[in-house]
Amino acid sequence: MSSAAESPLAAYSAYKFFTITGPKPFVAHVQIQRPEKLNAFSEPMWLEFGRIFRQLSEDADVRAVVLSGAGDRAFTAGLDVQSASQDSVLNSDGNDPARKAKKIRAHIEEFQSSIGALEKCEKPVICAMHGISIGLAIDISCCADVRVCASNTRFAVKEVDIGLAADIGTLARLPKVVGSNSWVKDVCLTARDFSAQEALAVGFVSQVHEGKEKAVQAAIDMATFIASKSPVAVQGTKELLNHARDHSTADALRYTQLWNSAALQGADFPAAMMSVLKRQKPTFAKL
Amino acid sequence: MSSAAESPLAAYSAYKFFTITGPKPFVAHVQIQRPEKLNAFSEPMWLEFGRIFRQLSEDADVRAVVLSGAGDRAFTAGLDVQSASQDSVLNSDGNDPARKAKKIRAHIEEFQSSIGALEKCEKPVICAMHGISIGLAIDISCCADVRVCASNTRFAVKEVDIGLAADIGTLARLPKVVGSNSWVKDVCLTARDFSAQEALAVGFVSQVHEGKEKAVQAAIDMATFIASKSPVAVQGTKELLNHARDHSTADALRYTQLWNSAALQGADFPAAMMSVLKRQKPTFAKL
Amino acid sequence: MSSAAESPLAAYSAYKFFTITGPKPFVAHVQIQRPEKLNAFSEPMWLEFGRIFRQLSEDADVRAVVLSGAGDRAFTAGLDVQSASQDSVLNSDGNDPARKAKKIRAHIEEFQSSIGALEKCEKPVICAMHGISIGLAIDISCCADVRVCASNTRFAVKEVDIGLAADIGTLARLPKVVGSNSWVKDVCLTARDFSAQEALAVGFVSQVHEGKEKAVQAAIDMATFIASKSPVAVQGTKELLNHARDHSTADALRYTQLWNSAALQGADFPAAMMSVLKRQKPTFAKL
Amino acid sequence: MSSAAESPLAAYSAYKFFTITGPKPFVAHVQIQRPEKLNAFSEPMWLEFGRIFRQLSEDADVRAVVLSGAGDRAFTAGLDVQSASQDSVLNSDGNDPARKAKKIRAHIEEFQSSIGALEKCEKPVICAMHGISIGLAIDISCCADVRVCASNTRFAVKEVDIGLAADIGTLARLPKVVGSNSWVKDVCLTARDFSAQEALAVGFVSQVHEGKEKAVQAAIDMATFIASKSPVAVQGTKELLNHARDHSTADALRYTQLWNSAALQGADFPAAMMSVLKRQKPTFAKL
Amino acid sequence: MSSAAESPLAAYSAYKFFTITGPKPFVAHVQIQRPEKLNAFSEPMWLEFGRIFRQLSEDADVRAVVLSGAGDRAFTAGLDVQSASQDSVLNSDGNDPARKAKKIRAHIEEFQSSIGALEKCEKPVICAMHGISIGLAIDISCCADVRVCASNTRFAVKEVDIGLAADIGTLARLPKVVGSNSWVKDVCLTARDFSAQEALAVGFVSQVHEGKEKAVQAAIDMATFIASKSPVAVQGTKELLNHARDHSTADALRYTQLWNSAALQGADFPAAMMSVLKRQKPTFAKL
Amino acid sequence: MSSAAESPLAAYSAYKFFTITGPKPFVAHVQIQRPEKLNAFSEPMWLEFGRIFRQLSEDADVRAVVLSGAGDRAFTAGLDVQSASQDSVLNSDGNDPARKAKKIRAHIEEFQSSIGALEKCEKPVICAMHGISIGLAIDISCCADVRVCASNTRFAVKEVDIGLAADIGTLARLPKVVGSNSWVKDVCLTARDFSAQEALAVGFVSQVHEGKEKAVQAAIDMATFIASKSPVAVQGTKELLNHARDHSTADALRYTQLWNSAALQGADFPAAMMSVLKRQKPTFAKL
């Protein structure tokens, strides 16, 4: 597996459900580490997931992140349904629907916030998917910046099949992630499988590779390439693209002015410009 | 024709310009029934169109809808230009432009509201298109959830050719229905024809079938499949996807929490979850 | 070159960095005219660029515009980095970061406003790209309505390579110009080249032609076709599509009602409708 | 009572729970006519209320509307709690919370839409309040353009006292109707009474009169004065003020341009302008 | 002092800079406890402030909260300027403005988030102010639901006097807290003092009492009154009013439908309604 | 006249319809100089008005601005109706309503943009009003930051009386300038006069002075006081308050972070903070 030779990142050694390694300088590789359960997520797992990406966001030694799933069979099979079916929020004795509703809201909010930490992470995240990639796999990958996958990936927005509208982010983000609304409605309403090729054709992923190993390697290569660029430029680009998605063009242009009014005063801009004019390789301070 | 053997739905027998049948349990099939005029729409027709979809929205015996056009030649040739050219709003004797403007606004609003009833219908609507599908055909199909078509379909955003900017919804919705803004501007500004293959390539439709019959059958199959799922999950998914299109991610996530705070307390979620764990086929109460 | 035989438009003869010709009635062809520098933009150039498109917007003799770059090598290589590196705003002696920030904001705003004049131009603009088309080339073309290109075009969102997040519009508009967010993040974060074919596949351009000459000719043909339509219909369509991108469906529908409450009272609507019914070629007054 | 001598408006004679009279040319006076129940609203009443204001909106013989309550004791005591407590929506046998939620949503939506018809009515509505004016009285009056009251009026946002958050519009509109957020939270969270003087001090009402008769007369006088103005100007002013409340300044200014691009072409603008220059009293066509 | 006899709430005994007592059932009283420094805030204090209000938000034993300052002289003199002037973020050795900007952004975000926890707290918060109430005192109190004060209160939006635009919330919230924009600009641009009477006149506070003790007692009385109401109704009312401030009327009405679709199924609505009909005092379960 | 002893500002001596003086260092006083016509505005005047405020915005020698009207009788009587009644836009020979509509839109946009230059001016503007202050006077003063007036001021939103809905900004801004929506609707729909006292009571002005001279002096005093503060802090405060009016709290807080991420790096913040700690008078560099 591509991560075999990757050295663990010491600052992240205490996490239980994920391994975090450093395949290249300034690149972190997060692996979902519960292959015996198809990397399905229990509640402690997604809480940990949130903490990891909040830490990565502030870690000046990390400039780009790859997310993948351990094992051969699945990126993740989504929510661990067995564990979720015993969920205290829905099985609480009390049966006042108004009070239950408050608990459910709070529960979904915490779940959304943990998964959404990936989107809020200020460093670009490339998601390398393979095998079973259903349910929560789509919520998670919609938060990533770039998605690549192995040709054997089996995707599905599976939530309708367990009787609910997906609520951890797929329905909020997918319509803005791919171009065809007809396709989005199709896969979300039917919960049917779709393949790597279909995902590529509609633009959900931007690369398909033969097998998991190559997909992960391609993600690491892209992360390494991005990590060689000015972190001021890269992190600004991620922030401004995410902001633009949710705001009007006029608002986005004004926000860009403010962002660059400080960013352009930094050392990266003249350093990178000189390196282009002199055809030298620049180096950049941490961020 | 695929609808030959379909039994009419009694509750909808009084409509004049549309036939509504029930090809499968919980599936309604609405057919535009004016083939001698290429299914072109007069004002009484689009008023009836609005009433039908408002009724379908509240009909607990319907879980998914297919919309198609009767006859071999056209889904619809759009607005009945001859009838519209005698339209009282524009031909009224009075010639005070301020007063005419109020009448035009009210006229367009009622027209938009009637066609928009398809989008507001809480049940998924699959639009099966064939032959001539121009002008109003695009406004209508942009309101549908999923679009499929026959390989002989001839599409056009035709309004520029009759001297107006399309005002019944195409220009408001199409940019969010397909991904390529360059293509949207091209077809809207030139009013040129585009083919089924081109529609598939840009994601306007998500399936192309050989001939009208197969396209309609595919739509009915998809509707039947969706109708077998939890209606709580399906209708929630439609609502949340439509809401997400017009709101920021943060707003959409919050709205989702509220929606599911009631929906998850229903019987469908545990029933569907159990059926997955036990690999049984679930049944769901009406909605 | 396709513009060889094009007669210059007298009203635009005083511009220094651009030539503006009239290849067809009601069609203007703007060419970036600095081929010896790969059509790179200095500050006086983008100020002039803004003035030209503000003039075209109000010029009733123009109904559609083509934008291309002079010479064989480049549409434009973007910002003239050498000239920009001596930019007074960033090199000003004073070093109070708060005061520098105000100057930078004002500088970016003026730059955005000049390039954005293309988007605000009320006439459709078709951008014909070829050869090197990087950096500012993307900001500019994202403001155009339709993009076509030569098969040899080399695109790149190059800003990250000179140490900054693109701030003249690419990051604000590109996510709404093409459908695949994964692809947008990829090209913006890596600053890598992408080809004409890749641009076509994701919908960034809607046509690829063999060589610059054919691309420009195709753009002129499209502009000529559009210029034959009702200018009331065409300009309304451009405005309503741009408005829809940044507003909710409900807001867009209401805005459309207002727009057409005046537009439909004009002579173009009955004239065009009659021409369709009588199969004659209509003519339209200037706008 | 001031309405004693008012002649009933024939077009509105079929309504059961409201009397509609014409105290002055172009002025309609709607009275809630259930004084024996303190003008409390049952479901058939608020459905009728919606129909009345939709009819007034389109009635070219009406230019301004006054709304008051019949009898001495109450403008309205709000929802008829006794009748609502037997409401089928909440008492339906079925007890699936997801399905109940859908019915409640639909019920509230219809209720909101009926009361909101007052806000959507294109003619200005002046609400004259007196005596008990609690619960739904606040929802209704927040939809009106101007509120005046008798000095004996007793107001309360009463909903918290019957165990719910007000859902027919008070919480959505009141924060934008008066300036002090501290006061809004106070009266909404405590459900306490507030007096005419307090309502005047915070700007909820703009006039207080001694007794119901004088309040109603003042409202009729204001309506009569407004009805003497250009209906194009008056109805445009109402629309633009309501639009501005919910949009940014930039959006509001643009919307205004569109509105007046048709309105200024009408006869009212030159007629009114001439009347000012020549100090004559103008007359205006119906609208 | 009114809090003398108040018993400390055990669950909040570990906090260092604030004392939290329970003057009445379901009422919490938070006191800023640094009177020797005029209750000025250091960084550890505002971090603790955020933790307290997050805990109160989830504490089912609390239904309403009072916030006041310990001692006679000040509610709070705002930020502890001496401690802030040694702030590591601004004094860090490195001097790359782009990197400093990231640290400042993160610092302000954490500060905003800690103070904003008061606004997000799902229980109503009544702020009782007295004496010196400047700078951060305004940011904090703008997050409260209701503001009352002693007649000796001295208010000021003080930030301009220390060379910055207020960034912890005053400028974002104050324009929506009081009605007069002219007054808001006046006090924010001049940093001048304003009195309790002026605060009452513009609606910044809704009650003025003679002396701190009476102001705090009035706040506790109001909190006690609110705590006697249905917590489902009260918390829904707070949420819907805050939501309405930042959304259009149409969005707010729809959000309200969803909220009450679950809330109305609870026991509080029928219990409270019955209590009104039978004139009994209701009791409500925790929330 | 209060401006008698004020020295003209050389950089503004070429303007024809306005005199611009410098009563105090860093303070500019703009006077509308057409007293023989009650300071009514012709088109060349409002074009000049826009140019003046764009120049003031960029003039580092100006930190605060006062706007008043020359002469004893009027701040301004608004639009010069006689001149406007001969306006070419509305009187153009052509009578195609669609083409006229485009000209009207463009005309209003330019008018709005010229008056709106006051709001966009980055320096605070205090508007001192007296005598006749109707029509355009309200549009203009709504763009100012602070409004003060003489006790003899006669205000009116006069547009309805000349047959149009006010379109230069009053209807877009007034609902967010004062707190009582009932009052806003009253004065906009009736076009009635309102007095200085009424303007003060609703918060439209924040000070009333006895006579024009004292009102102008108070405005100059306030401007002088503001001009003594850090221009980084003052201009940031104006920008952030204007931004907050049109955005959600979450957006406003985020925008504030970006703004201060550069502003806090400037010299004003430590200088002002030190001056507070050491009780010295600070000086600030130009901006």
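The chains carry the letters A, B, C, D, E and F, assigned in the order they are written, with residues numbered from 1 in each.
In this section, a contact is a pair of C-beta atoms (placed from the backbone, for glycine too) under 8 Å apart; a residue touches a chain by one contact, two chains touch by 3 or more.
This structure is a prediction, so every number in the text was calculated from the model and none was measured.
Contacts with subunit A and subunit D are shared by B, C, E, F. More contacting C-beta pairs link the chains of C-F than the other of the two pairs B-E and C-F. Same-residue interface: subunit C and subunit D share over half of the residue numbers found at their contact. The geometric centre of subunit B is 34 Å away from that of subunit C, both derived from CA atoms. Measuring from the averaged C-alpha position of subunit A to that of subunit E gives a distance of 35 Å. Looking at subunit D, one finds that residues 97, 100-102, 176, 178-180, 202-203, 232, 245, 247, 250, 258-259, 261-265, 268-269 touch two or more other chains.
Subunit C makes touch with subunit D in their complex at residues 247, 251, 255, 258-259, 261-262, 265.
Every residue of subunit A that touches subunit B in the complex is listed here, in rising order: 81-82, 84-85, 90, 97, 100-102, 104-105, 108-109, 112, 116, 159-167, 169, 171-176, 178-186, 188-192, 202-203, 245-247.
Subunit E makes touch with subunit A in their complex at residues 58, 94, 96-102, 106, 232, 235, 262-269, 285, 287. Of all the residues in subunit F, the ones that touch subunit E in their complex are 124, 145-147, 176-180, 202-206, 222, 225-226, 229-230, 232-234, 236-241, 244-245, 248-250, 252-253, 256-265, 268-274, 276-277, 282.
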